[in-house]
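A, B, C, D and E label the chains in the order they appear, each numbered from 1.
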Amino acid sequence: MREPLIPMIGVVTNIRVDTPDVKTFRVVGLDGKKPFLHIPGQCAMLSIPGVGEALFSITSSPTEEAFLEFSIKKCGCVTEWLHAMEPGQQVTIRGPYGNGFPVNTDFAGKDLLFIAGGIGLAPLHSVINYCRAHRANYGNIDIVYGSRSKADLVDFEEILNVWCKEDGINVHLTIDNAQPDWDGHVGFVPNYVKELNPDTKKTVVMCGPPIMIKFTLAGLMDLGFDRTNIYTTMELKMKCALGKCGRCNIGNKYVCKDGPVFRFDQLDELPDEY
Amino acid sequence: MQRVKEKAIELLRSGEVSRVLGWKTGEFFYDLTPAVFESVEEVEKGFVFSLFSGANLSKYLIAESKKEGKIAVFLKPCDSFSFVQLQKEHRIKRENIYAVGIQCDGMCDGESLRSAGCEGMTGVEDGESLTVHTLYGDQVIEKKEALLGKCQTCKSKRIVDFDELIGQQGEDVPSDRFAEVAKLEAMTPEERFAFWRTELSRCIRCNACRNVCPACSCEKCVFDNPVSGVQNKAVADSFEENMFHIIRAFHVTARCTDCGECSRVCPQNIPLHLLNRKFIKDINELYGDYQAGADFDSRPPLMDFRMDDPEPSVIYTRGGAAK
Amino acid sequence: MQVNKEWTPTIVAFCCNWCSYAGADLSGTNRLQYPANVKIIRIPCSCRLNPMFILRAFQRGADGVILCGCHPGDCHYTTGNYYARRRMTLLFSMLEYLGIERERTRVEWVSAAEGAKFAATMNDFVKTVTALGENKRLEDLRCKE
Amino acid sequence: MQKIGVFVCWCGSNIAATVDVEAVSQALAQEPGVVFSTNYQYMCSQTGQDLIRDKIKEYGLTGVVVCSCSPRMHENTFRKTCEKAGLNPYMVEIANIREQCSWIHKDKAEATEKAIILGRAAIAKVQLNAPLQAGTSPVKKRALVIGGGIAGIQTALDIADAGFQVDIVEKKPTIGGKMTQIDKTFPTLDCAACILTPKMVDCAQNENIHIYAYSEVEAVKGFVGNFKVTIRKKARFVDTTKCTGCGLCTEKCPQKKVPNEFNLGLDNRRAIYIPFAQAVPKVATIDPDYCNMLKNGKCGVCAKVCGANAIDYKQQDELIEEEYGAIVAATGFNPIDLSKFNEFGYSQSPDVVSSLEFERLMNAAGPTGGTLLRPSDGKHPHTIVFVQCVGSRCDGGEKGKPYCSKICCMYTAKHAMLCREKYPDTDVYVFYIDVRTPGKNFDEFYRRAVEEYGVHYIKGMVGKVVPENGKLKVQASDLLDNRQLHIDADMVVLAAAIEPDKSARPLATMLTASMDTNDFFTEAHPKLRPVESPTAGIFLSGACQGPKDIPETVAQAGAAASKVIGLLSKDHLLCNPCTAQPDEMMCNGCSSCEKVCPYGAITYIDKEFRGPNRTTLLRRVAQVNPAVCQGCGACTVACMSGAMDLKGFSNRQIMAEVDAICK
Amino acid sequence: MKKIAISELNSLFAAIAADRKLYIPTDDSTGQSQFTIWEEGSILSRNVNTVRSAKDSFFPQVENLMGFKVTGKQIELIETRDPAESFAVFGVRACDVRSFDILDRVFLTEPVDTYYAQRRENVCIISLACGKPSETCFCTAFGIDPAEPKGDVTCWMTGEALYWQPNTEKGEALTAQLSVLVDADVADIEQEKAAIRATAEKLPFGKLDLSAFGQGKTKELFNRPEWKALSQSCLGCGTCTFICPTCQCYDIQEFNNGKTVKRFRCWDSCMYSDFTKMSAGQPRPTQTERFRQRFMHKLVYYPDNNEGIFACVGCGRCLRKCPIHMNIVKVIKTMGEGTK
């Protein structure tokens, strides 16, 4: 019997600097292959022994066959260490964890509206690229993405050079404050979403800081969206990621196992503790 | 004892205070819970001061005294030492507190009755001796046997600081509270080591001793702080057991009022007070008598020195049985 | 680099920067020998020594811990060693009370001029601790392998 | 995680002979965080420093470990090197593999292993180092000189000449010190008063100098550049602004039996007195121990005769608070108490005198008006025996001092010479252990005493002096001729050892300046910083640092002054960045830290914090004044929660070192 | 049904311990009982229950999960699992036996916790009917029969004999090894059972009304004002959690001794303030939320996910040991009254 708490060893083969505080880490197994298969929205536990273990959402699409990628913002002990390391460093990895997005069921055939703020693009990145890879299965894709400044836009190159250039994908970028080399939209994401006035039939996938989620959700409600059609992904303190250690328990759900992807109508059923 | 409840009602009714910190009735006769009462009705329904009001309420004042309005608190003599010590450390806002001192002849609790041999307890009659009703018949036990450990070696019946007194002011009483420490000191190091291993190995690191201790009221305890270097959640091995209790005792050195709550709440009956008392005894012997919480002005011995203090080597020569 | 040899104790010496560390330097300058298993940690003053550091050292495998500071009255910070003296006295007494060999801990006042005393102290302390053998009563098994 | 460079120094063969430096640099290269590791012959050399600088740039090092000599030696050197390369100087740690490794171990394998461990500890520490910025603090441009003897006077004059304000605190009613009591000075034999009193007058007249005579330092707070000193101006019971120093009161005072300390009790003065004619300030002082008016309210003569109306029996001690940038200790010396030396009969016969008493007996302003007379009978002495090293160079003796008092040989030669010159009919014997005359023109002076003046120098110790029939029977041994001598002397002069003034020890405590076991102030470095105390901003002048003659004292006084001037000429000082810092989130506000802080660097404020559920909490938290904190760390241990930590020696850093050593 | 004379208990224990570790409750120096490894001279405790619950047998307070050796950029995984060995626990009361079912539903659901599973497979549980229940006992409220505990073997103790009834294959296998046991009549213990049940009838909380709790009660109970008063004096210690037979929250921590890193798990308590604390924020900022979580989990969330089974077995340990005497019974009663 394989013990799920025992991780495998992975190697960080590539580290990309995305923004001043976000780096993207490419991880493969010791055999040089992708450590495991996953579905968009799922997470994995990465650790450096002696520093700590933490859960990160997998940024790369399942369609990427060679590796897993994680876009990680520097915000604590483990992430600081990750940011300081160099390619070739081994890490431990276990997963995939969580339910992931219903890309093949609920999302299928739908127009999708992705709303992300800051590092919140990381979990959506995986879904977006999955949908791009299975383009025929989905309708139009709208992406609203905002950040503090241009420099803080994660995956800016890919957005500009790949996503923006594809048919059926509309990317709407915004930054919080005007800056000289930015001719795009300026303003906060919730307001921008309202301005864009999207079709309420779209299925919404949202991720970002709690304050953004709160106001964007209110905006979407105002626009007439249905809570059963809005998805988000949650972040809580986790240790085992197996639904046993009790840490991420909210009501009768374990975020690590039953989430992290929730529809807002599901969240409404949970006690307000997140 | 009824007078205590009446005083609580009177204080609330007169508007002197907006809240009363006292003890609330439980499901049994012995399981009183510290509680804040906000109305006369609540007091009438649930307030009780009895033989089982052993819990030291002073620690709750750290948070409670910082809230709006004045709170009344009932302090037994030993509790009042903690109350004063916390004031010395600027942890409580005295102006928000109305302290009522109550005299005390020693307290019991369910566990102390159980170790006196009662099981299945359903009621008690307080008198010269205690008559305990149990599922298996009545049992009569001497009150002294049923007293909490801390009450058996009561150091003082003096209520150090109060706004009002119920009953008589008492005095420091002679106590042989260091007898147990001296007994240990008289052992050989091997015996002492064996004794403490037996005791400390039962520790489950539930932190009850720490969390109940009025002196252990740090904003963030070193044992909870990942950067402190000693943080640990579990008694992973014998070292951690020792470490936790040594550091804890050291951190309350000269601040511990010997209120005995640590030993009272320890689910494993570890005699933790023997660690604290060792420090108290050493301080008394090496630097002169000092009792934390006994006054407002004295300087804590660890924040003080004399040029002619004994050298640390004194412990090599004092021998096991320190005089 | 592992040198094959018999068991020797690991000794941690905390030395105050102003007197004892300088005293240790002087004993070096004068080429006074003491065993290599004494490793010195420089602290600004003996009063910087937190009891937790001593316990940490024992946890991590030290067999003896010694604190060296300025002579009482000579503290660079005037009063630091007076506080250290009380703290260490009480801590050592507590360790003793717990049945941990009292000889494993020591405080010695060594001035910047007492290079010879420093070396002599270390030689004596190493001898004492060697005689006691390995620290078994305050060890962390997780650190032994 | 730092990018660490490790630089192992050979120190020529000092390290390399007993430590395999290559093995050390290779082993340390394996440590986590180390991206570069090398060894070099002399890291402190320009080439070595360039190597460090280049590698910092090449590898983008964020931390540097130098395995070399003691940090007390070259820590600053390497810090500066790194600073020049753009690295914060506090990202450097030194592993002391010379004084604490290569020099004390003979076994190469053992020493190498230890060097690796010490290197590891430094690496572990530097991992947790944080860049530190030294703050600045302003400098109060005023100096305090404690002691108004020749040392204090010279220091004050030099500082004042440079344009800085300087105050002298002198506990006696007048400045001048010991030198006022001396008759002639060696080796030139010019009159002490003639060369000293002009300086005293200069002091009084210098606009930049303020003299607090008859005053003592009561308390010292603060730190270099910002000392706050409380001075107790003792009550003279005379209004110094009114007193003209006419001296009428000192003639009319009915209390005539007060031992005159200026003449060492060889004569008497009145209860109201001016110590000597050239006193500065020249004002009268009432001795409260003897004044009848002050003792029982029955007298008042002085008030009646005082034309200036200066007498004020109700005068109280006055406490003055003043701020200074620098403090000079110039507390001087005293001859030791000779009453313990029974063998020389000092207590038995008044004709056994100390050299300083002899000095007064020779002085024109002295009790005998300058004629050498025996105190016992006022007769002219014909045979005088000088005993050297009384209390000096005593090994482990309880009575004496272990050190050489340095000045005795020369002043004894002077006394002997003067005796023979003025009274050629006297026989003068000097008993000595060694004659030490290592000064300019000193030996010549001594030889003149022997050769020209015919003083009998005898190597040997006086065993006993017994008063008998008006004579002093001196038993002594002549070591060179190996015989016992018996001399019937009229007078015996004891060259008493000198010791620091008794006020120095409590003063040192106030100043947080260190002292040696003999209560002489310790200098910051015996060779390179002889006039500074290890405590910043405290300087040493004169005999309080060690026995000195006048020229040496004056030289040192000037040196101390120049150090003070250097300090005061700065507008700001860089502070020690290794100061305590509280984590407010963890602070209990319990005041434990404040209680152990020797500098009063910690204060408390009530501060608002965010509580749970959007509430705010007002909490008392500690604040450290980094300009005042000296970084001892006493507070860090007093702090239960660990909220107080010391920058540069943090809990985590020290534990990391412990871990690395015990690994 | 088998039996053995009380005076012969030692030989029974010796026989069981012949090929495995045997844990039995013994009294410690303070008169409380603890499960300890049986050795010659061990004396069976007569206390109703142990201070610590029997969950320690499968879910010890601290357990090494694995180790790592880090060299440069390389990580090497080190297996630290204890070898599987069979063991027996004697004297498990009915409540604790039930607690194993509750823990199983956590640890043995996919993905299976192999550390727990391994011990669970290797254990033989020998339960013991409660001769003399305490006033704090309320297992009957959860439908547990103190006179008929489950387990691989069930035992009853009368004045003279210990009766032994194997229930499972494991139990039968063990019984077969124990020649010291002699045959007994099932009827022999009926009287004992009846006596226990009669006492159980008298237990003050034996019929505790649990109707306010259970599946689907989250909305109803979560925001009730009583939580604040109930949690008011909670010290936030972990006593209740650690002595509770059903509490199973754990933390994963690492210990770095400078050579290897050991990753271990240890009990954790939702009562601790750092349980859910993240650098980004604290979803349960005060003790009220943390207190509520513990009881909601036992009485609502767990039943939600487990067909209405409560995660409390009425062992009464928290009733005895809570430093401030707050406990699940008070919560059940207060909330029950509040929802009426």
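The rule is short, and it goes like this: a residue touches a chain if its C-beta (ideal position, glycine included) is under 8 Å from a C-beta of that chain, and two chains touch if they have at least 3 such contacts.
As the structure is a computational prediction, the values presented were derived from the model and not from experiment.
Asks: Any chains in contact with both chain A and chain E?
Replies: D
Asks: Fewest touch steps from chain B to chain C?
Replies: Graph distance in the chain contact network comes out at 1.
Asks: Indicate, using Cα centroids, the chain positioned nearest the centre of all protein chains shown.
Replies: Chain closest to the assembly's C-alpha mean: C.
Asks: Give the chain pair, either B-D or A-D, that is connected by more C-beta contacts.
Replies: B-D
Asks: Cα centroid separation between chain B and chain E, in whole Å?
Replies: 30
Asks: With chain centres defined as C-alpha means, what is the inter-centre distance between chain C and chain D in Å?
Replies: Computed value for the inter-centroid distance: 31 Å.
Asks: If you average the CA atoms of chain A and of chain B, how far apart do the two points sit, in angstrom?
Replies: Each chain reduced to its C-alpha mean, chain A and chain B end up 51 Å apart.
Asks: Between chain D and chain E, what's the gap in Å when you average each chain's C-alpha atoms?
Replies: Their C-alpha centroids are separated by 71 Å.
Asks: For chain D, write out the residues touching at least two other chains, lowest number first.
Replies: Residues 596, 638, 651, 655, 659, 662-663.
Asks: At which residue positions does chain C touch at least two other chains?
Replies: 51-52, 56, 60, 73, 79, 83, 87, 140, 142-143
Asks: Touching at least two other chains at once: which residues of chain E meet that condition?
Replies: 70, 251, 255, 257-259, 268
Asks: Could you run through all the chain pairs that touch each other?
Replies: The set of touching chain pairs is A-D, A-E, B-C, B-D, B-E, C-D, C-E, D-E.
Asks: Where on chain D does chain E make contact in their complex?
Replies: Going by the criterion above, the answer is residues 30, 32, 612-613, 659-660, 662-663.
Asks: Going by the contact rule at the top, pick out the chain C residues touching chain D in the complex.
Replies: 1-3, 10, 12, 17-18, 21-22, 24-29, 31-34, 36-37, 39-45, 47-53, 56-57, 60-62, 70, 73-80, 83, 87, 113, 119, 143
Asks: With touch defined as at the start, can you tell me which chain B residues reach chain D in the complex?
Replies: Of all residues in chain B, those touching chain D are 66, 89-91, 217-222, 225, 227-229, 251, 299-300, 302-304.
Asks: Considering only the defined contacts, which chain D positions touch chain A in the complex?
Replies: Going by the criterion above, the answer is residues 1.
Asks: Where on chain E is chain A touching in the complex?
Replies: 65-66, 68, 70, 73-77, 81, 106-107, 111-115, 117, 218, 222, 248-252, 254, 256, 261, 263, 265, 268, 270, 275-280, 283-284, 289, 293, 296-297, 300-301, 304-305
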